[in-house]
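Taking it in order: structure first as structure tokens, then the write-up.
Order as written gives the chain letters A, B, C and D; numbering starts at 1 within each chain.
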Amino acid sequence: MVEILSSVMDGLLIGLVYGLAAIGLTLIFGVMDVVNLAHGAIIALGMFFLYLFFGAGLHPYLALLPVAVLGFIFGVIVYQIAVRKIISGPPLMSLLATFAVSMIIIGVGTALWSTSPYNINFKVTTYNFFGYTVTSARLVSAVAAVLVTFGLYYFLYRTVLGKAVRAVANNREAAELMGIPSQQILAITFGIGTMLAMLSGALIATLFPFTILSGGVYELKSFVASVLGGLGNPTGALFGGIILGLIEGSVAPFIQVSWTNVIEFVIFVGILLFFPTGLFGGRK
Amino acid sequence: MKKKWMFLVLVAIFGMAFAQTVKIGLTVSKTGKFNVESVNQLNGIKLWQKWVNDQGGIAAGGKHYKVELKFYDDESKAQRVQQLYSRLISQDKVDFLISPYSSGLTAKAAIISEQYGKIMVATGAASDSIFKLGYENVFQVYTPASRYLTSTVDMIKAADPSLKKIAVVYEDSKFAKAVATAARDYAKKLGLDVAIFEGYPPSTTDFGPLINKIKASGAGALIGGGHYSDGATFARQLYEQKAPLKMIALLVAPASDEFAQLGDAALGVAAPSQWEPLVKYTQSCGPSPQQFTEMYEKAYGKEPAYRAAGGFAAGLILQKAIMDAGSVDAAKVRAALDNLDITIFFGKIKFSTDPASHGLQLGHEMVQIQWQKKDGKLVKEIVWPLAAKTAKLIYPIH
Amino acid sequence: MKALKSPFFWLILALTALFAFYPRLGNNITLRETLVLSAVYIILASNLNLMIGYTGYVNFGSIVFFGLGGYFTLWLVGAHGWNVYAAVLFAGFITSLLAMALGFGILRLRGAYFALATIGVNEAVKDFVSNFDTWGGSEGIFLPFTTYKAMGGAGKALWTVYLLIILVMGISLLLSWYVKRSKFGLGLFAIREDEDAAIVLGVKAPKYKALIYSLSAFLPAVAGGLYFFKNGSVVPEEAFNLHLSIESIVMVMLGGQGTVSGPAVGAFLYERLRGLLLTTPSLSNFHLVIAGVLLLLIILFAPGGLMGWLYKKWPRIREVLE
Amino acid sequence: MKSAILEVKSVTKAFGGLLAVDDVTFTMFEGEILGLIGPNGAGKTTLFNVINGVYKPTKGHIVFAGQDITGLPPYEVVNKGLSRTHQIVKPLNEMTVIENVVVGACFGSENLGLEPARRVANEVLEFIGLDKYKDELAGKLNIALKKRLEVARALAANPKLLLLDEVLAGLNPTEVGKMLDVINKIRDRGISILMIEHIMQAIMSLSNRIVVLNFGRKLAEGTPDEVANDPQVIEAYLGDPEMAKRILEEEEA
């Protein structure tokens, strides 16, 4: 019984981090209809930014701050160079533009760091609650994910800028008529989405070893989580991430772990087909 | 003036006579998941090249062949391996091949070597199945998967006859699956209960769900793993999650020096190893284990891992076969390899000539190592077979 | 036959013949190995273009057909002793049928949703096959070497398979050309431009989409069968390599989507470029970067690709090159 | 008495709780031009969408030339000889004008091959006065020409009944005049026309009969004169203060 509960708890904790990554993806889609195929590469970049700051002597949790700032700036730059021009074009264009960005990031990353695995080696404490063993790293990453999500909600619902983002998401033309500079808002949104992706990457890096190619796995997980929650719906994405984590944790005791991915992708395609707006409704 | 000309002509003729080369091609995983192991292996091969060229090359049939290596980066990707081996054969016109690292990549390369009839010495590849496809040109250096973990099971059984349940959790790759399957069957034969037998995808980084499952199963010992990166991660998370295991034996990863970076997580972890610097084999040709170790340490500043030794051994085996054949003619060298039955610093080498398993390694044997603390430092000790041990097995580890 | 009067038809034939016979002269194996990769890329890009360029549906997971073709073929040849010709045809048909069934489902999705679903399908199939023991699970299928011996030795078998791949390449180009000039193609173009309008104009969009999806699966599956037979083995990460899927899109874009020659030219150039980047030591670290920058430049500044640029510059080319 | 070409029988279309079309019944006869009018949001375009199969009706039936076509997809409906245009034009932008019309001919009621379809398309383009633009990309046309292209495509399908959705909207007076000529010429070919229009003068002069919708319901039906003098219709169009207030309240809720 404790073992099953352990699995469920582990799933919940990692699911929150998946959720954070998925929010980054779904926010960009919700506001500008762009499926960001550079998402995985950006997650990996977040891992390596953390690695650099950690290497420079910063505690990994303290290093999250500069990673977030870099992530935002990086996202705005990517938007201005690669996305701005084709934002109103057919979906193929934005898919390919962001994929090109992904190739460039991974290419430069491979040249810099090769594709060998890296580790953030810092002191991790292990706690035991009634037979459930959990490391401090897992707890902190889940709490950090929740805090960042709250921060995002505060931004979207309590600040003028955040309300402008929601207005642009709702109807870009109408927002422009109301005098909201939509290009700037889109750039900021892309920056925030990128920042969230990098933060989730950085949190994952405190848990598991990573390579410049690791982002691919989490990109796919983000797709699954955001589609589960309804593309464009940040809350849904968070819950999608939790569901994904719970699936991974809770099916493990009953079937071979390697089947988990099959289940995830079958659910993914199934949700797209039968509940295209996800379990929690589409964009809001 | 005339004399000078004569001299130059003579030099040219001699030069041509002595400047015979034999070209050996291979791919190396300079990037990707096999990066650590593969570069190790290449170091061994390069050391052999230098060693043999310093002696004037391979002496065969009254000629001396300098060894030339040609290699590309395969990025640890199967699809690159086949393209590059085709290129080595058809464009670079190499005479012989050495395999890439890992069973998966070697299986791919073997097809090409066979399609073009080129001899390939396979090192860093333990899978048996490559040698069950009717190949005639591929020869295995390592102890094959079917015998890889059996002595580990013996060791555990000897240390704790009361142990009932073990878990076998392996990387879902060609090599690890073959090894794990053989180990499971062997463990069952010894009367052990294999509580979990399960593979994980090679890209796994989160072993949490598996570890929870192992804990729930009540298994007392774990054997499994796969290659370096997954194995190191697995060991670290087993330690962090405080898995109550009396013995952990993983493939490949603990046999590398890099494993010491795990710190306390490495302590007590055992591994089967193809070779260790402290082994005591009496070689019939080539350097002794000790000479090889010294040479390697001098060249690279660290102790050789068994993959490096395997790389050197692959070159040495090819060299011996060319010497026996007295030429670089493929058919003659193939026959020489078939007839080979020698002991080198790496151990005994003899290939199967049965058409159903041609090229499979029959001679070589594994040793078991365990990470122990000696004077406050993590060190690898040979703990099995008992005759060769450098330290006593620590059991249970928790 | 009106086709016989079209210079383009003869151009396709001549190109195919050149691919088939040029390396054969002098038994040039190096050239053959280069061209076989170009041919496979041309097949993938050409057939993908039927979806992306003609129908406007961005299939991100088109490689799943190639991989399934490979798996069906090697399984039939390896485990059931079929000869390779029957096996690749069967693999083509069964993959097409699967695509048809799948198509009726996922083709209801549009735009990014469809693209995501195709990625999902590819990944689901890859993970499934990795666990499917009948197909060797993650180890894949390796052919016993006797298979080649039955075809007169590996050397001869490789040439035979090469010529078959070139044949499939020729058929791909002809198919692409034929569809473009047919009523079927007109219906697809209408769907690409505005699916709702096309439906109201009478185009049976669900049927057309499922048909073209299934058709675009056939030749890649056959090519996959031949290619992996030539390689002697098939493993999941190679068969269902999402990266190659996306690279195929790059090829289509590079040459010009919606044209017949564009994807072929794009595929050929991409293969050359990639080969050059990978084997030039100073560039090999940056091959991804260069390919990425190139792709970005095409999208931002020349979305019509090479053919679009040529058409703009010399509109008369349209009459010769389709 | 001519036979009925289209019978709309108690058709209701609901979106969630909103009744866009509410129990509408009318019959249209062969060779007639029937006008469909009503204030914005009265459900006219929704009714078109139900007739040609874009939407399935929640209740009720559509009978076309004696055949029940309820719930058939649009492409089947076209095949039976019922074509339509769109209020917001939907040209196939990256295809030429003639290709647009060839699509209409190919997939219309006669299911023509490419060659005969091209002949039909040329005829239609000449008939409608677009022949000199035939090799231009449809996306490059101005709005008036795009509207004509909509009609040309629908016509190329060789329909028995043509649904025209505000083909006059957004045109200047000269263009309106040209389009009216086109509509009259189509009627002269014996094709029945059901048209939605906001320009009252035009619809009153063209139509044989008129159906008025308001809030999804049929408000009135009759000859242009009868309808024009119907007090209910006048109220619906001019509105009374009460009604305007009610609409505002509804919209806010």
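Just so it is clear, a contact is a pair of C-beta atoms (placed from the backbone, for glycine too) under 8 Å apart; a residue touches a chain by one contact, two chains touch by 3 or more.
What you are looking at is a predicted structure, and each value in this text was computed from that prediction instead of being measured.
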Hop count on the shortest chain-contact route linking chain A and chain B comes to 1
Computed over C-alpha atoms, the centroid farthest from that of chain A is that of chain D
The chain whose mean C-alpha position lies nearest the overall protein Cα centroid is chain C
Larger contact count among C-D and A-C belongs to A-C
Note: chain D sits from chain C at a C-alpha centroid distance in Å of 43
Whole-angstrom distance, CA centroid of chain A to CA centroid of chain D, is 48
Here the gap between chain A and chain C, centre to centre from mean Cα coordinates and rounded to Å, is 32
Chain B to chain C, mean C-alpha position gap in Å, rounds to 38
Residue numbers in chain D touching two or more further chains are none
Two or more other chains are touched by the chain C residues 130, 138
Chain B residues touching 2+ other chains are 172, 199, 201
Among line, ring, star, complete and other, the chain touch graph is other
Those chain pairs meeting the touch criterion are A-B, A-C, B-C, C-D
Interface with chain A, chain C side, in the complex: residues 52, 56, 58, 60, 105-106, 108-109, 111-113, 115-117, 119-121, 123-124, 127-128, 130-131, 138, 246, 249-250, 253, 285-293, 295-296, 299-300, 303
Listed in rising order, the residues of chain D that touch chain C in the complex are 52, 54, 73-75, 78-79, 84, 86, 90-95, 99, 102-104, 106-108, 113-114, 117, 153-154, 157
Interface with chain C, chain B side, in the complex: residues 72-73, 77-79, 82-83, 86-87, 89-91, 104, 107-108, 111-112, 114-117, 129-130, 133-135, 172-174, 177, 199, 201-202
Chain C partner, complex, touching residues on chain A are 29, 33, 35, 81-82, 85-86, 89-93, 95-97, 99-104, 106-108, 110-111, 220, 223-224, 227, 231, 256, 258-259, 261-262, 265-266, 268-269, 272-273, 276
In the complex, chain C touches chain B at residues 29-30, 33, 37, 130, 137-139, 142-146, 148, 154-155, 158, 231-233, 235, 237-238, 241, 279, 284
